[in-house]
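Chain nomenclature is as follows: A, B and C, assigned in order of appearance, with residue numbering initiated at 1 for each chain independently.
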Amino acid sequence: MKLTKRALMTGAALAVGLAATGVAAQDDVTKVGFVYVGPVGDGGWTYEHDQARQKVEEHFGDKVETVYVESVPEGPDSERVMTQMALDGADLIFTTSFGYMDPTINVAKKFPDVKFEHATGYKTADNVSVYSARFYEGRAVQGTIAGHMTESNVIGYIGSYPIPEVIRGINAAYIHAKKVNPDVEFKIVWAFTWIDPAKEADAAKVLIEQGADVILQHTDSTAPLAAAQEAGGIIGFGQASDMAEYKPSPRVSSIIDNWAPYYIDRVQAVMDGTWESKNTWDGIAPGMVEIGEITDAVPEEVKAEALALKESIASGEYHPFTGPLKKQDGSDWLAEGETADDGTLAGMNFYVEGIQGEIPQ
Amino acid sequence: MDLSSIDPVLLIASLMVAATAVMIAAIGELIAERAGVLNLGVEGMMITGAICGFAMAVQTGSPTIGFLAAAAGGALLSLLFAFLTQVALANQVASGLALTLFGLGLSSLLGQDYQGIKPPSTPRIDIPVLTDLPAVGRIVFGHDLMVYFGLALVAATWAFLKYTRAGLVLRSVGENHDAAHALGYKVVRIRVMAIAFGGACAGLGGAYISLVRVPQWTEGMTAGIGWIALALVVFASWKPWRVLLGAYLFGGVTVLQLNLQAAGIAIPVEYLSMSPYIITIVVLVIMSADKSRAPASLGRIFHATH
Amino acid sequence: MVTLEKRPQPSRIVAWSTPFMAVLATMIAGGLLFAALGEDPLVAIRTIFWDPLFGQHAFFYRPQLLVKGAPLILIAIGLSLGFRAGIWNIGAEGQYILGAICGAGMGLAFYPAEGWFIFPLMVMAGALGGLVWAMIPGLLKVRFGTNEILVSLMLVYVAEQLLASMSLGLLKNPQGFGFPGSRNLQQYPSAHNAELIAGTGMHWGVAAALIAVIFAYVLLTRHQLGYHIRLTGEAPRAAKFAGIAPARLVLFCLGISGAFAGLAGMFEVSGPAGQVSIDFNTGYGFTAIIVAFLGRLHPVGILLAGLLMALTYIGGEIAQSSLGLPAAAIQMFQGMLLFFLLAVDVLTSYRLRFGKREAA
């Protein structure tokens, strides 16, 4: 048992106020912790993180040990869970919700030798990296398909909370739908929840009743797709996970959060001793944002166009936010050929020109 | 930004669907409370029903069996509460809360293998001519069977409480258990049955969500609807028809606020979402002037001393 | 046939021993559950109950017990006074939220000024927030006779919506890149409810919880008001004859439980949690009701029950990460513990009789 060794070390750690732990890094097995905000069975956000965790295990086999705690409330509970993982000898800890930001920074201060990776936040430290995905790149592809597919020219959009990530998605989808179909109109409903199947179903039904025949969702359950199927003749997209059970229609494509390549990469870096704090915001190119299969419900030429857009985004040739673009109030945002900087995108709190309605405050 | 995109017929039709789950669960709780039992475990029983119904429907391919299993699951879980409160004489508030905690855990354990599966679909009534009638057709004839079951349940509960002897006995137990006991009624037995009925209804309500309204299984998918059912019973001042009214009102507020949003009208969502609860409080205050107050023995422990 | 027979007097020995019986029963039933999930039951039970207290990292977990237990204890103490008098405030969750909003709002109103007076003002605002929220069911009960159980419960949902609105609007961190949630009070020294002694977990909220335990104990055993509370709960008629004004008692009990819950919210938001956010409340207000009953509505009992609850939370997390048990199993385990604790309480006032009951 490693118990005695650890006990000695923690004794020392206590003496210096926890500062010296994380020493278990010398073990030949790299221990990786995951803190989840939802249950692994949510079929969306947490589910995909856990899929990536399993891929890490598959990839490294015996060289890695992963642990996770699910449904951890943001705040002091998450801080305790992280500390506990660090004490138990984790070398690397992924904290997978925005609300874990300050707790991650707090715990990281106490364990300088443990590496932390915080998803979707903006605070870094020597041993804290942040990572997030450019989901809006996928939204651009969705918008293109949606713009072509809609016959009523009304596209419904179910938002979760009015935060920059969601607003970015709405804008990216709108810009590209408009590009291929100038008559398109967006109807936006805020659910004020990330996952609440009944409410999402209601929202989808309302949008359909008001004439939408394409539903985009930024909430995590399959309820909107089920509602689309029941209504008939409506299409939608998988969100966070592929939602393949609704293929070929209503689910005509999807945005999949694929964290596995990044996780494997970061675990490898810890093993090699090359881990450095960085700020990663990856999109389609490295595979963090995946476009799920575009089904045959989509005409061939639309599919080709969508895939071409995906390719040009992946190659860096095209940026989904390229001028000329105006803000909703008509003021200039991006000049001809200009692309949006990451700072503006990260804090995006406005609609682009053409979208009706206000962002709730 | 035009209201013309809101179709009142569809609005009514969809609020009927949105209201069904909470209505069925609330009717169950109403019977339990009329018998003097306050069971705060509705959420736990609903979610347990949701997974029991979902799992059985998937296994057998029959939504009907699913709904039966949901009722059985909810009733079974409620017997745990019945044991605690009627046999072990534990406090009902605490027992109900514990039941919810237990039910949430149990359901997610049971549901581990049922993620990402589509259940068999529950057929919707479609009577060629009637359903196509303008306006009325869609509202009256275009739903799945559970919507009608819910309405029938309200009517049956009303008739039961008002016209049957058993209903009278149930109410007397809820009003004054000592007197009911003195008259020779089996207070504990009646209450256990009322609790089990409440559990079965909560289970059905939960299954309506997982099999019809959504249809899928996700952990914690009832997302607080059980608590709304509790509010509804109070709002209804323990009268079945008012449960129906309240469920439509609560469902209506939800559907309406989504409709207004979709129509591009800026509304403060949070404040609209609190309105049903504030209305319930107002109703409570108004009601206190009226005779229709809570069953007198609600939440009180009964033990036959002789 | 087993029947219950009322004891002439509640048994003290049984009262003290039943909680241990319940914990033991939970270990057996929970052990079966864990075994069914393919875990070694002994290891699982040891991980939950033993490791946080005496395991190798106990130096970290023991203070955490205080951090996790303090809000539960503080709220439960307030609730227990009302429960004893038959006044049912089950909306502590809402009062907790209001305390946090008011407390944090008061602090943030001064941002970025520093001053010794800010924290005390926040404490007052937090207590007042909870108190006012609890006064709504209180005044409605006194004035109109409405049921306080239901009104206080309804107000929880109202408070939750208010919290979402505050996190997205008024209290949103202007430098937070548009994300919901307020500024972090941990980074605002005058408003930070820091640990009083580093590494002990002792913050003002823990101190307040301990003071509340002593206060409730003295009130109930030494003070006339405590006598009134007990009398009203045990013999409402006699209380009336004794000239106790029920309205004032209702207001007092709801007020104090609201103020305590508000304080708990305020200490939590300014200390361990740090910020007002949409998911700030994690059910302490409801769990505290269970804690109050587990503690048999006795101040010392509540202290122990709160720590026991905290232990199962912390031990449960350890079991998840080190044994890979699903969170659902832990939740069920906690549910079982509560069931058993509630079920055995009957033995304090009743004894089991075997054999047929003779006709009355």
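Of note:
Heads up, the rule we're going with is that contacts are C-beta pairs under 8 Å (C-beta built on N, C-alpha and C of every residue); 3 or more make two chains touch, one makes a residue touch a chain.
Listed by chain with UniProt protein names: B, C = Sugar ABC transporter, permease protein.
Predicted model, so just to flag it, every value in this text is computed and none were measured.
If touching chains are joined by edges, the resulting network of the protein chains shown connects every chain directly with every other.
By the count of C-beta pairs in contact, the leading chain pair is B-C.
If you average the CA atoms of subunit A and of subunit B, the two centres end up 35 Å from each other.
In this assembly, the C-alpha centroid of subunit B lies 28 Å from the C-alpha centroid of subunit C. Shared interface positions of subunit C, defined as residues touching 2 or more other chains, are 164, 168, 326-328.
In subunit A, the residues that touch at least two other chains are 39, 192, 360.
Those residues of subunit B in touch with two or more other chains are numbered 108, 112, 219, 268, 270, 273. Partner subunit B is touched in their complex by these residues of subunit C: 4, 6, 37, 88, 90, 136, 140, 144-147, 149-151, 153-155, 157-158, 161-162, 164-165, 168, 286-287, 289-290, 292-294, 326-336, 338-339, 342-346, 350, 360.
Residues 56-57, 59-61, 64, 67-68, 164, 168-169, 177-181, 184, 186, 198-199, 268, 272-275, 277-280, 282, 313-314, 317-318, 320-322, 324, 326-328 of subunit C are the ones that touch subunit A when the two sit in their complex. Those residues of subunit A whose C-beta lies close enough to touch subunit C in the complex are 3, 6-7, 10, 14, 17-18, 33, 39-40, 67-77, 79-81, 83-85, 87-88, 98-99, 102, 106, 122, 161-164, 167, 192, 346-349, 360-361. Subunit A contributes residues 38-39, 41-43, 47, 156, 187-190, 192-193, 195-199, 201-203, 205-207, 209-212, 221-223, 226, 230, 241, 243, 245-246, 356-358, 360 to its touches with subunit B in the complex. On subunit B, the positions that touch subunit A within their shared complex are 1, 5-7, 10-11, 14, 17-18, 21, 108, 111-112, 115-118, 121, 209, 213-216, 218-223, 225, 254-255, 258-259, 261-264, 266, 268-270, 273.
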